[in-house]
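Below are structures written as structure tokens.
Shared between the two complexes below is chain A, which has chain B as its partner in the first and chain C in the second.
This part shows the complex of A and B:
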């Protein structure tokens, strides 16, 4: 069994959804499409959890050197993250989206979006990656604008479409330049070609273009402006997907391109780090004054992408200087933070979805006290908030510590010392507003709003438990994350 | 089930019980109370299961699990060390706790803060078990600080500090009378002083020796400068000095008597204050293992001499105390001094020193817990903590009197009670190390006999005081109810039983705890000397406090009494030197802090303004967004190309 089977399963089941939806509606089983999605994602999750590492050619007969797939620790971690969050969101949607128009389309788009992301994580050449990238993006626009009869989602979806397409165009341009220079788009071949190319200018240009292009989806500042509109406007289940994993696909593409394909070049590490610092500062500051809880979470997602970029930048710089230990720490910290933020932010969006479902408002003052009246949602969101605030001993603390450790290894460099200070100041600021939100959710006495259905709190509880399990099994998780980091950078740790 | 499960249950069950207590309190008070006793009993039974491998001779065993291993940052592991020392202490702690818990059912009945009481009592037992079972010093420190926290919370249990409770739960007489919350804070701060040094010691040890594992430390002397290793040992020992109330950090324990008597019995007599002796026993093993490489004689000398001097001074203070529980408190300090003295003799007598200390620790735990619980019953009956309100109580509380007599005889060291055997072993160990120290310890034994007789005489025998007479006429004084009586009676009988099994126990402990392979025995000269000193102490006390003879009025005795009552002015000096200047400093710092707060406020307002500015950039207008994307992209490409 290989990665092509996982992708085939996802695409195959998307056809089944259409049939199931039609049949279901005729027989009065409105959830049929949802059940098919859940089943497909469960199977995909089980399959992708045991993929053996290696390179795969799904179409061996053609002899065309494109469409190659790869499995290593990094792509396995990312694809597992994508499918598992997709599965939980699908379960959540069974109840949350009940009674909406066009559920068949909703589940079809959701499944195709997961397929696109998994494809991004599993492809081994830039062209395949680009195709899956577009699949993911197009389905994401449609999902943001899913409630098209409202004005807000349509505007947000359009904005997302314009910005993201512009980014994708730049990325496509970069890929074509790469093909022009190297004559191939295969990751491993590119890696060896660029390692011996010796033309630093081309490498710098390509790194800049790829960061510019993929950076829009990853929401790094100043290309993040679509995100605070798109994430709140989407249905909460889709917000969980977007903030939880879709922007992480952007992170994955950047990491794969800059850390694996292109050789380390001076200056790019700083660029990543400072773009990251700008991103987290802008995100944190903008989040501070939000009254809309989903906008608040959206800006905090921008900030968290910033931390991840800082970790990658530190790793990049340390790798360039040959300090493998710190390089691994930085990138592993970034990856651990990807996992933490995917679980934590997915959890928080699902929880706010439940709260909004009951209270019918997105304003933080209206949500006061719902942490007490909605017991399970309240406790789960508390765990998510504490995890993202980086309160020890939760995993969110360790990922930031690892990133700071990666920076600390280069502390003799004044630019890095400054970066570390800004990074820590940001972490403190963020912890402050997460705790502030937590306080507001729990401050008042219960409001009388009841708990939601188990189909909705089940996924929340699962994600909260995942945050705790991540902490308890930290040593095992760290082993995987370190292996993933060394696979991403192509170094032996 | 494996042994490790029981070891983890021994500390885990009470901790889990503590966490459940607030929930169970919602069901009913009865459920909460019985669950607490059950959790403690579970701990005791689990601890007993650890005796099987001890008897089979399968110890020591270590169970270790790594929790987090950060590459380049070291490992954090959780480990359980089972050896004769830890298993014996674990059992002692859990079983005495169980008895005290049962006593509390009646003693604390009707108190409004019982949820808090049970929470901290169970948390205490769990942390104490964690402390004795830990394999490394850092994990031990968790339990160590945990018991410190519980001690603080339980000393200040009646934190309302009501004036009308002056006779019942304050401590001392003016000008050194303190309310409970003050005492809790004092205990916390004084022991923290030792703990801080101890943390520094552990840090130093981990930096120089590269390990904090007790087994690894004992296995081989680390390759580090000997002076640093010695410094680390001494610093860690400072923690033990604080916890076990040895000189010069003894001032907190007498005031800790402001807590409920059950707390005094459990924490400030039988278990927590022994943590210092336990730690010193561990350190003695380490120091002995290092002695070929590091000159540890300074450490041993220091431990022994602090022990005997503390024992002497505290026993003198016990002899003049005006409160029943204070006599017992000073006596506790003095008896722990004996244990320390024995441990200080390890270099000269490695075969029997730890056994002597542990034997004395065990017998002291049993009789002192019994005495404290009985003292609680007395205060319950009379409603006062002062001797001047007692006298002749034996007539009304016969069973309590018998129990107290049994435990007191053990404290005095009358054969064949357990205190006799253990004190004998301690004295003979000290004699072999240093005759001068032995003389001091011997004198202490005489004073011990004196104050014990004085305590029994002034409380139960002698003439009735006014208060007792009035209460007796109103039929308000009566024997403690069975739930209270049984625990201290059982402990008193246990003290007799341990005494009857004394020689056997002595032999077993010596062979289990010996650091050199052989086993030491006390000599008959020591026994003879201690019995003579015992009689010399009993005689004057009997005449003065039981027969009611007038004391000879000697000016020098009066002076000495005054000096001892004012706690040698050490307490007053500490207040003058540390407490008052700290308060003054605090007031100054408050002013500085107020200034800083307003600055910080300005920072906060500034960041909100900055946030507004950032927010204003996010117009949400697509044209601007795309423009920003283009500009940003160009800057980014320029930076990538030329940065």
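This part shows the complex of A and C:
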């Protein structure tokens, strides 16, 4: 069984959803499409958890040298993250989206979006990656604008579409130049060709284009402006997907292109690091003045992407200088933070979705006290907030510490000392506002806000448990994350 | 370098035209036209990059064909959203629908 079977399953079940939706509506079972989605994602999760590492040619008989797929520790971690969050969101949607129009289309788009993200993580070819990337992006635009009868989703979706498509086209242009230079788009062949190319100017140009191209979807500053509009406008379940995993697919594409394909070149490490610092500073400062809880969480997602980019930049710089220990720490810290933020922010968007479902308002003052009256949602969101704040025993602390450790290895460089100071200041600021939000949610008893249905708190509780399990099994997780980081950079750690 | 032929220069120029169009135009239809120009430019660049000694690598034409199909999907969705935006606002001017600050 290979990665092509996982993708075939996801695409095949998307056809089944159309049939299930039609039949279900005729027979009065409105949730039929949802159940098919949950079943498909459960199977995909089970299949992708046991994929053996290696390279796979899905169409060996045709002799077409493209569409190669790969499985290594990094792509396995990312695809597991994508399918598991997709599954929990699908379960949550069963109740949350109940009674909405066009549910068949909703589940179809959700499943195709997960298929696109899994494809991005599993492809071993830049053009294949681009095809899956567009599948993921187009379905994401459509899902943001899912409630098209309101003005906000349409405008936010349009803004997201224009900005992200512009980025994707720049990335595709870079891919075409790479194809021109090397004559292939296969990751491993490109890696060996670029290692012997010896033309730093071309590598810098390509790295810049790819960073911009994939970075728009990953919401790096100053191209993050679509995100705080798109996340609040989308249904909360889709906000959880966008913030939890879609922007992480952008991070994966940047990491794969810059760390694996292109050879280490001076200057790019600083670029990544300082773009990351700018992103987290902008995100944190903008989050402080938000009164809309979903906008608040969206800006904090921007900030967290910044931390991840700082970790990657530190790893890149250390790798260039031959300091493998710190290079692995930086990139592994970034990957651990990807996992932490995907679980934590997915959890928080699902929790606020439940609270908004009951209270019918997105303003933080209206949500005060709902942490007390909605017990399970409240406790789950508390765990998520503490995890993202980086309160020591939780995993969110260790990922930031690993990134700081990667930076600390290069401390003799004044530019990096400055970066470390800004990074720590940002982490402290973020911890402050997460705790502040937590206190407001629990301050006084809200009236009449009861707990939501088990189909909605179940996924929340599962994600909160996942945050705790990640902390308890940290030593095992770190082994996988370190293996993933060395696979992503192609070094033996 | 052999990569710099008339086609790849034209493609780079078209990319610049398209990016300018997306960045500066207020009319949403013109923004979509800018995106389409950029898609065409990238396709042209794939063909330019696939020319090796006067012979076209079949891989390059396949890339361009697949990219056209993807571009069509994006354009269709963009136009569908623009129709909805026009119904809400009665205008195609993006500066007049800036309730979310473009």
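Operating definition for what follows: the second predicted complex is superposed on the first by the 492 of 493 C-alpha atoms of A that agree within 3 Å, B and C clash if a C-alpha of one lies under 4 Å from a C-alpha of the other, contacts with A are read in each partner's own complex, and residues count from 1 in each chain.
Methods note: a contact is a pair of C-beta atoms (placed from the backbone, for glycine too) under 8 Å apart; a residue touches a chain by one contact, two chains touch by 3 or more.
All values derive from a computational prediction rather than experimental measurement.
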item	value
More chain A residues in contact [chain B versus chain C]	B
Which of chain B and chain C A:166 touches, first, second, both or neither	both
Which superposed partner A:208 touches (first chain B, second chain C, both, neither)	first
Contacts of A:82 with chain B and chain C, given as first, second, both or neither	neither
Touching partner for A:423 - first (chain B), second (chain C), both, neither	neither
Which superposed partner A:482 touches (first chain B, second chain C, both, neither)	first
Partner chain in contact with A:275 - chain B first, chain C second, else both or neither	first
First (chain B), second (chain C), both or neither touched by A:229	both
First (chain B), second (chain C), both or neither touched by A:289	first
Partner chain in contact with A:181 - chain B first, chain C second, else both or neither	second
Shared chain A contacts, counted only where both chain B and chain C touch the same residue	158-159, 162, 166, 225, 229
Chain C - residues contacting chain A, complex	3, 8, 15, 18-19, 22, 28, 31, 35, 38-39, 41-42, 45-46, 48-50, 52, 57, 59-60, 62-63, 66-67, 70, 73-74, 77-78, 81-82, 84-85, 88-89, 97, 99-102
Residues on chain A engaged by chain B in the complex (per definition of touch)	158-159, 162-163, 166-167, 170, 201, 204-205, 207-209, 211-212, 215-216, 221-223, 225-226, 228-229, 267-268, 270-271, 275, 282, 285-286, 288-289, 325, 328-329, 398, 402, 405, 429, 474-475, 478, 482
Residues on chain A engaged by chain C in the complex (per definition of touch)	65-66, 127, 131, 134, 138, 141-142, 145, 148, 151-152, 154-159, 161-162, 165-166, 169, 172-173, 176-177, 179-181, 183, 225, 229, 233
Chain A-facing residues of chain B, complex	66-73, 607-608, 610-612, 614-615, 618, 620, 622, 624-626, 628-629, 631-633, 636-637, 639-641, 643
